[in-house]
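Alright, structures below, take your time with them.
The two complexes that follow have chain A in common; it is paired with chain B in the first and with chain C in the second.
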Partner chain A sequence: MNRQSTASSLPAPVLPHVWEPASAQEAITLKRQYGADSAYVAGSTLLRTQWEGGLLTIPAHMIRLDTIEGLNGIMEDEQQIRIGALTTLRECGHDHRLRIHGNTCSTACRHIAAPAVRNLGTIGGNISSAVGDMIPALLVHDARLVWMDTEHHPSEYEQELVDWLEQVRVGRRSLYAVLLGIVIDKSGPDTAPDLHNHQNSAPFHTSLSSEPSWREISFYRKVGRREAFTPSLVTVAFRALMNREGVLVNVKAAAGGGAGLAMRLSRCEQLLEGKVYDPRYTAELAALVEKEWVSYSDPFASESYRRQTAGNLLAAGLWETLHQEMERG
Partner chain B sequence: MKATSMQWQAVVNGKAQEMEIAPSRRLLDILRDDLDLTGTKVSCEIGRCGACMVLIDGQPMNSCLMMAYQCADTEITTIEGLHGETESELHPIQEAFLEEGGFQCGYCTPGMIISTKALLDRTPQPAEQEIKEGLCGNLCRCTGYGGIMRAVESAADKCAHRSSLSPTAGLPMK
Partner chain C sequence: MLLNRENSGERWRKRRDGREKVTGELRYLTDMTAEGMLYGRVLRSSHPHARILSLDTSAAEAYEGVIAVITYRDVPGLNRFGIAVPDQPALCEDMVRYIGDAVAAVAAVTPEIAEYALSLIRVNYEVLETITDPLRALEDTAPRLHPQGNVLHRTQVKQGDADTVLQNCTYVVKEVYSTPRQMHAYMETEGGLFVPEPDGRLTVYAPTQHGYKDRMQIARILDWEEERIRVISSPIGGSFGGKDELNVQPYGSLLALKSGRPVKMHNSRMESVRAGLKRHPMRIEMETGMDEHGRLQAHRVRIVADTGAYATLGAPVLNFATEHCMGPYRLQHVDVEGVSVYTNNGVSGEFRGFGGNQAIFAMEGQMDRLAEKIGMDPWEFRMLNRRLPDDPGPLQQEIWRTNGLEQVMQALAQSSLWQRRTVDSALPAAVMTGYDPVTSASPVPPWIKRGIGSSLAMHGAGLGYGIDDPAGGRLSLNAQGQIEVAFSYEEFGQGLIATLEIMLMDLFHCTAEDISIVIGDTDLVPHSGSSTASRSTTMAWMALQRLKTPFLQAVLQKAQEMTGIPIDQLTTGEHGIWQMITEEGEEMSRKRVVSYREIAGVTEDKELTFDTKFSYPTTPDEVVGGHFLYTYAAVAAEVEVNTLTGHVKLLDTYHTVAAGPVINPMGFVGQIEGGSVMALGFTLTEDAVMEEGHYMTRNMDTYMIPGIQDMHTSLEVEVIEDLPENDSFGPRGIGEIGSVALAPAITAAIRQATGQWISHLPVPREQLIQRAGRWQQEGVSPR
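Right after this comes the complex of A and B.
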């Protein structure tokens, strides 16, 4: 392999080698060769924060991912939206297809960092960090990740985001896999509800026969303290279908934020599934998030504060969103 | 497998630059130490304060976050590249910051002005919320944001007025 030489005017040993793999397989070969002395680099916005903060040392080998073809941009077919891992947060936040079919993801992109950081930072870097604020938004869209890993058969494969997060949680994520892209199923105003989940749901069946029109309601909320140089405290995302009678189905809720792993809130989802929203759910939902969501304490915020914030964000977000929907008629 | 070359080239403030540098060198260091363009300020070095803001192909970017290879073959504009109709005149955004008390110590000002330039190029008459969003990556630790908001509003009017007089006046740089 062809290594760069060191600049004569600078001290010799400290300059990293910057590699330009032409494919994900080449990137993996380099990563296997240099191991912990190397890092995949996308926009480098998070890496720079970690290097300057002393959380990680600048690796001797930087493996560029921007030289790999096909990782940039957003594509769609009839059923899916596929986002290349190297697509910038800015591009994701501006994309009209994502706004229509992945509303919470689009909102999340527009609420990460500031515009200049979003011009450089990528969606793939956000997910690969495992703590990015995109993750709760992607969870409520049942996003799948497309990976390349030469140790895996087949080497290119799709994995549910929720399954990958579980691997991260138990410390079994692959250190070599390259994230190629993210896939979400299209949704939109006329999305049909998933009938199979509602075999025993009386209110759902009644309303479905009398009211065929379902629309998606969704929101994303974030509490952050960026100006104080800290990452976000809490992010929540919510997505469901609602008919004109206010019945909620296919309810999906997730919470994350800070350095904690995001998770789906299945008990909260069950609370609302197949029901007509009632204001009494507001307090119940907030309390349930507090119970269900697993967070952590740090010098800035205790775990109980984070849980309470997540509960309030989700409950208030739902209340506000439903009110807006009712006003729209 | 290929490694990124040490040959770096870019157009900085309208002038072609070619150098032999490490591809991982930060743009901030290239500008301040190699090109002596010290108008770009250095503060947090982790993308949070906006003091190091520059335009890369017209888009605002934090030069402390960007490595040489990430901005090779681009057009880079620093605060030194902004001027009015002639090189000795101030850009209308600079005038507005002066007139409206948009700074005290001035350390954040180059970054504020660069972000304002990017904002007004995209949104010539921004609403209050758009100004806040456009400048949310720039921190000021001494002026308070009232004067800065006024300065951006005034800059929008000045730029609109000058471009109505002449489509190119007041916006000479790329």
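Right after this comes the complex of A and C.
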């Protein structure tokens, strides 16, 4: 086995130029001007590890987004919560409105990296990485992303997070778009669907009674290689409405973790939708997730481990949440 | 006695280097700068195994801001280093054997220019087969990584007829254990400042565990007399064995001399991972047999250690593993063979525990498996098979007799943690109401399983028979009127300075202000050996026992001359010499009669300076590497296994240690706690993963040391301070004992919790994960 190689040369040591645009339009203009030699940066907590590790080349032009006003903070109206893309993970994790209306998101923010990283890292950066731990949590809230991708007015538009992930998956993600914010709908019983449309067969039996008293159940689970300050191996999120009889509707489940793209678990959702969850079938639910979720192997965890863990976390999370609900009566 | 703040009274002293360290004010050697300083960078190999076809540094040399570039052609002396076997090139000539190998180095006016200049160095390689598996390296068809082949060292212990006896044993357990490539992960990465002095000498400010050894190795590379080099080596931001070997010193020294300017070297974390030492991954095959009563009969062991590309201390580490793979047990028939093998993986070397961690994990695993096989309580089984106080050591060598083994076994048996261990293993935690004293009100979910395990260890201190193991020290009254000790030991966080301070205060009843401690400077300290192998505390104590009498006699004589008070009424104390006055019918009174400063003022140079030299105690039997002094320990650990994920959480943990008198209680607890946390990482999360000779864990974001949330929920340290009346060796070292026996206690606890035997570390989660819902079969329901 003989082959020859030559140590590669690096470009001359030039420090990156850091641009400080005042608006998203200006940032996009810069990005279009410098193209692949440039990158949007904000907290830079993930980017700097990727630069140091050689996973990404340090760009010649860094375009700061944190100099743009109006992209920071959380706002609400009667129906929606809008999170500015530059809101730090720490702010998101401590915001009481997000705790009430986006519980999985709030929990996720408190479990990303370490406090120092959460003080700098932004929710926009976490999403833009396409592998952030926020993404499964946002998926179960049907989050929409607010983008701007041209300099021309009006250019702001909303896009379903799930659709953007699909663009990423097929390599059609916009290179220039600036993420302005994230929108989620507030939780509420008025979104409960018509139960007559949800008559699936066993193992989950169907309840047709129309129970007015719906409450949200949700959970978020993350497993890394240690307890904290660790990349995720597996992240799952779940959200549904449940009535007093235990009927689940508006079921949303998602899984992600590591360098894999997060995804909604639609077969799992269909299985539970409109049914009374029977804990005897926990193993079956876990197996379904395991089958549905697409993951990968790396030196730290095999694909089969990730899949089984995702199934376990989702099934047990539901079991545990219902257990707690029953305890509360 | 449980060792903690409450039980230690005034001896629980804040260390004198503590405040500076916790506030970040302390200037480590890698924080130093010098006027006109250059920045050094090393070009490491692009391949784990390759032949260098050509090496061209001309473009780098011509680049503006580059002051010096060095290759192997610039090494005037021996272009090799290695504490035990100098086989590692300082700068590679024609071959590279791992991706940390140095090919060239640059000194430039800025770090950026130095880094860029590395990219201008043209190296043509012929890539060769990468040997990553030690078993492959042992095959005849494997490429030879060194002229003598791929075997660094072999060990063998044969006693009786193990093969035949094993065939006749009533019970035999055979298992293969494997352990990870653990990284030291010290806070301060390798580095230093290298200063050519106007008088033609070289001052090296660089952390090491043995300044004199570094001085010798650097002198050998430079082809200088050792005395022309001054090595200043403390304080150190952690070492754990990893900085005992040279790291950046050859490059810093050569660049400083070539450029004529001070040069600073400081490895990034990624370079530290790439070039630094690791713990030897070992594959240990054990076959152990016993009779129908549970008495051990025969033990067969095969150890294969991956020593990586170069020797450093690979051979002594294998010696130590060989000695410790028989544990503190009586074995009549023994057949042990070990081999340390060169590969193209990162270099393995010295690491806290020194091969004991791997061997003890395997041997204690055997004990638990055998006990279960015969249906005995694992601790009773160990008690049945333990060595007796008069028994020889594991290598049949004479060892110093103590009752430490028996005492730690009894202490563990009586510990509250071990006593609450239930014999009904693997009960679902949810039905164990009241199990957890804190959260007993809310049952643990059914996927959480708990268990308690234990382990036992005897751990040798010192370098062992046949290896030069010098000790000594100097005690003086210095010109400032302080009682000054000087040793060539180093302070790398273990608490040496605090321990020396307490020893001196105990001996001379003086205050901390009366004491000066000089370490880590080859121009100022005598050659008292290295800070390795859990030896410093014992050696310092023994040196002071030898020095105190002549020192006291001389100082008190001086005081008598100055005061006219009879010497039998004088004693050392706070800030000076005190007269003890006893008058009939009255209580003894005391008063200070002369200060240390006053004595120093009338003392000739060196008049009150005393030196001693001796060697670490060794067994009289000619068994190379065999130890004489042992520390004994037992560990109990409770774990919680989350079967949804296979994640293991360490809960309450108990360490009992028999190591003679405790000098520095806080330091003692710190060493056991620190060692235990390091062992936790070894057991559960740490492994410097390599594929095809390249690290997959290139930084601390993928190499997982335990964080605060991963650590034990509680850790008790019980000490046994008894020593035989005729014991003259004082406190035993405890720098390693906290790290050697936790792993098998954790895996025994996992067995109790889940029914799984773990033989591979770090514990594979895949082995512990179970499909959610299995608990329904166990009758647990949310309703």
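In this section, the second predicted complex is superposed on the first by the 284 of 329 C-alpha atoms of A that agree within 3 Å, B and C clash if a C-alpha of one lies under 4 Å from a C-alpha of the other, contacts with A are read in each partner's own complex, and residues count from 1 in each chain.
In this text, contacts are C-beta pairs under 8 Å (C-beta built on N, C-alpha and C of every residue); 3 or more make two chains touch, one makes a residue touch a chain.
All values derive from a computational prediction rather than experimental measurement.
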Which of chain B and chain C A:S44 touches, first, second, both or neither: first
Touching partner for A:Q308 - first (chain B), second (chain C), both, neither: second
Touching partner for A:H17 - first (chain B), second (chain C), both, neither: first
Partner chain(s) touched by A:R280 [first = chain B, second = chain C, both, neither]: second
Broader residue contact with chain A after superposition on the shared chain, chain B or chain C: C
Chain B versus chain C as contact partner of A:A116, first or second or both or neither: first
First, second, both or neither for A:Q270, with chain B first and chain C second: neither
Touching partner for A:G53 - first (chain B), second (chain C), both, neither: both
Chain A residues contacted in one complex by chain B, in the other by chain C: 1-7, 10, 15, 49, 52-53, 226-227, 229
Residues of chain B that touch chain A when the two form their complex: 1-6, 20-24, 44-48, 50, 53, 56, 59-62, 64-67, 69-70, 115, 118, 133-134, 136-139
Chain C-touching residues of chain A, taken from the complex the two chains share: 1-10, 12-13, 15, 49, 52-53, 223, 225-231, 234, 279-287, 299-302, 304-305, 308-309, 311-313, 315-316, 319-320, 322-323, 326
Interface residues, chain C side, partner chain A - complex: 43, 46-47, 50, 53, 112-113, 115-116, 119-129, 270, 445, 447, 644-647, 649, 685, 689, 691, 696-699, 701-702, 704, 706-707, 709-710, 765-766, 769-774, 776, 781-783
Complex interface listing, chain A residues touching chain B: 1-7, 10, 15-22, 26, 29-30, 44-45, 48-49, 52-53, 58, 62, 64, 66-67, 113-117, 119-120, 226-227, 229
